[in-house]
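Below, chain A partners chain B and then partners chain C, in two separate complexes.
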Partner chain A sequence: MKAWKLLGLALVGYSLYAGLMFEVPRLVILNETIRNLYFHVPMWFTMIALLGGSLAYSIRLLRSGDAGQALDLDRDRQAKNFAEVAMVFALLGLFTGMVWAKATWGAYWTADPKLNGTAVTLLIYAAYFVLRGSVDDPEKKARLGAVYNVFAFVLMIVFIGILPRMTDSLHPGNGGNPAFGNYDLDNGMRLVFYPAVLGWIFTGWWIATLRVRLARLNS
Partner chain B sequence: MVRAKILAQFIRWEWALEYRRSNGWFLPVLFAAMVGYLVSLLVRQPNPVQWLSLLWITLVFSALQTATRSFSASPSEWIYLNQLARPSELLLGKSITTALNTVFVAWTGVFLFGLWLGWPRPEGLDAFPIWTFLTSITLGAVAMSTTLSFTAALSSKLSRNTGVMAILSLPLLLPTLLVAMRSSKLALLGEPWTVLYPNWLGELALSALPLALGALLFPYLWRS
Partner chain C sequence: MTSLFLQAPPAEMADLFRSEGKIYVVLAVLGILFVGLAAYLIWMDRRLAKLEKQK
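Moving on to the complex of A and B:
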């Protein structure tokens, strides 16, 4: 077992304990929900990291056919499984965010740019799975899936980048709302938040590689 | 990399195969007209924002209809095309003709909406700001069409592609739609072009990005 896997587990364990037990700043409205920073935000970092991994595998798949050789179909397996695990983290991020939103905004769902960005991301990758599911030939499936993955990832990043400039957001970190950042994020919180992000990314990456190995065994 | 002569040849080819046959270009126009008429029966006297939202919903689905057909050629036609053009030229040529089609359909849609639902008249305006509004609609239609050309190319490779095209395209169209909606809403409220042009630049950027990405990825798609 590689060291980063153990480190990931240890960091997640530490962030679970420290996230619930350590002191946090007392802010109006947020109150104890500020602890959600340790659980909600790392989900998004992990999702983006895994989607980045999926993108890299898709690019490598396409390039493996460059010299007229057969496509390296293992790359397709990796791209698909990384995207799947990323979507699990997206759902976890969504649910932790919805619980938090109910406590602070008073509603589970609002037409907030951050939420729209999430919805679009989920829809895009759902479409990616549907696309892969509708092709039988493995080579064609891998090629079409990879092409869509690259196309969709770039548009999704652009979308997440421009959306907050289109409309006001209630989300912390936007439009002068009490943010999980700058002056609110004191050094005590950083000591939990950054390990939590790293720990979840390592753990998510590990889960994805395990799924890839399982898929290899099944094929 | 892209030869202008081939593109011109491509558009002539499209002309011969698409526009001279009335069942080619007429289908999406008829679709836009039918949806527009349906909307005008269901909604009476919408306010300007509702009018605009209904218009964009109609335009999105009409554009989808237009683009879905753009890569539906018979195998022998593809063999001819592949001999004629490089993949990037093929995508560019198809994107240009799809953009022209979409703009034509969009203009028809706007005109029919004006005819059947009336032109919205925001307060304090004595005339409908037709030029800024049409520019916003046109740029929005072009931006939609470049994304749609690529997803159409993708789904043309599927044997069972009914419905997949819409599922692939709609999430990717959201950014374009939001920018186009904002731009046309501001135009409708009578803002001058000096206020509107950042949105127009956004629409142009959203047309160029899928084209650039498509040019990079299309050769990989076409090899299969």
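Moving on to the complex of A and C:
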């Protein structure tokens, strides 16, 4: 077993302990829920990392068809499975965010650009899976899926990274709200947050590679 | 302005909860979940490696 897999687990385990036990800033309204930063936000970092991996595999698939060579269909399998695991992390990020929103904003869901942007992102990737599933020819499926995946990644960045920053938003990091700029001056939180992000990215990447390997065995 | 801030009540935190020591119960529960899921991932990885060897 590769070391980065165990490192990922160790970092997540550390963040569970440190996330509960270490000191956090005392802020009204947020109170102890500030600790959700260690658990909710890494879900989104992991989703973006996995979608980035998926995008890279799609580009490599398209490049593999250059110069009249056969498409490397394994890249299609990797792109699809990475996007699938990314959507699991997106749902986890969405649900944990809803619980947090209820406690601090007073509602599970608001018509907020950040929230609606993430919902649209889920639909965009749902369309990727539907598109792949609707084509029988493996080469055509791989090629169409890869082209759409490039498009989907760009839309994801627009919907969760750009548009929410251009209007008012309740969500930190958008519409003039600093991300966790208010709290990240606190070096104690950095000591937990960054390892948590790294740990979850490694763990999510590991889960995606497990699914790829399973799919290879099944093919 | 300053005096207004000075009079603001401090943010509520889980001080009592921590002082009673019960937070360790939650940590233990999280620990069990974490160890279980970690073991599952490692088990799956090894099993896949075995199958890949057979192929």
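FYI, the second predicted complex is superposed on the first by the 204 of 219 C-alpha atoms of A that agree within 3 Å, B and C clash if a C-alpha of one lies under 4 Å from a C-alpha of the other, contacts with A are read in each partner's own complex, and residues count from 1 in each chain.
As a convention for this text, contacts are C-beta pairs under 8 Å (C-beta built on N, C-alpha and C of every residue); 3 or more make two chains touch, one makes a residue touch a chain.
Predicted model only: the values in this text are computed from it and were never measured.
Colleague: Report for A:Trp4: first if it touches chain B alone, second if chain C alone, otherwise both or neither.
Modeller: Touch partners of A:Trp4: none, neither chain B nor chain C.
Colleague: Using the superposition on chain A described above, determine whether A:Leu210 touches chain B (first), chain C (second), both, or neither.
Modeller: In the superposition, A:Leu210 touches chain C alone.
Colleague: Looking at the overlay, does A:Val120 come into contact with chain B only (first), chain C only (second), both, or neither?
Modeller: It touches chain B, and chain C stays clear.
Colleague: After the superposition on A, what does A:Val12 contact: first (chain B), second (chain C), both or neither?
Modeller: second
Colleague: Just chain B (first), just chain C (second), both, or neither: which does A:Ala152 touch?
Modeller: The first partner, chain B, only.
Colleague: Of the two partners chain B and chain C, indicate the one touching more residues belonging to chain A.
Modeller: The partner that reaches more residues of chain A in the superposed model: B.
Colleague: Please indicate which partner A:Leu131 is in contact with in the superposed arrangement: first for chain B, second for chain C, both, or neither.
Modeller: first
Colleague: Can you list the chain B residues touching chain A in their complex?
Modeller: It is residues 147, 150, 154, 157-158, 160-161, 164, 167-168, 170-172, 174-175, 178-179, 182, 202, 206, 209-210, 213-214, 217, 220-221, 223-224 of chain B that touch chain A.
Colleague: Given the complex with chain A, which residues does chain C contribute to the contact?
Modeller: Against chain A, chain C makes touches at 8, 10-14, 23, 26-27, 30-31, 34, 38, 41-42, 44-46, 48, 51-52, 55.
Colleague: Which stretch or stretches of chain A touch chain B in the complex?
Modeller: Chain A residues touching chain B: 62, 65, 116, 120, 123-124, 126-127, 130-131, 134-135, 139-140, 143-144, 146-148, 150-152, 154-155, 158-159, 162-163, 166.
Colleague: Flag every residue of chain A that touches chain C in the complex, lowest number first.
Modeller: Within the complex, chain A contacts chain C at residues 1, 5, 9, 12-13, 16-17, 20-21, 26-28, 30-32, 203, 206-207, 210, 213-214, 216-217.
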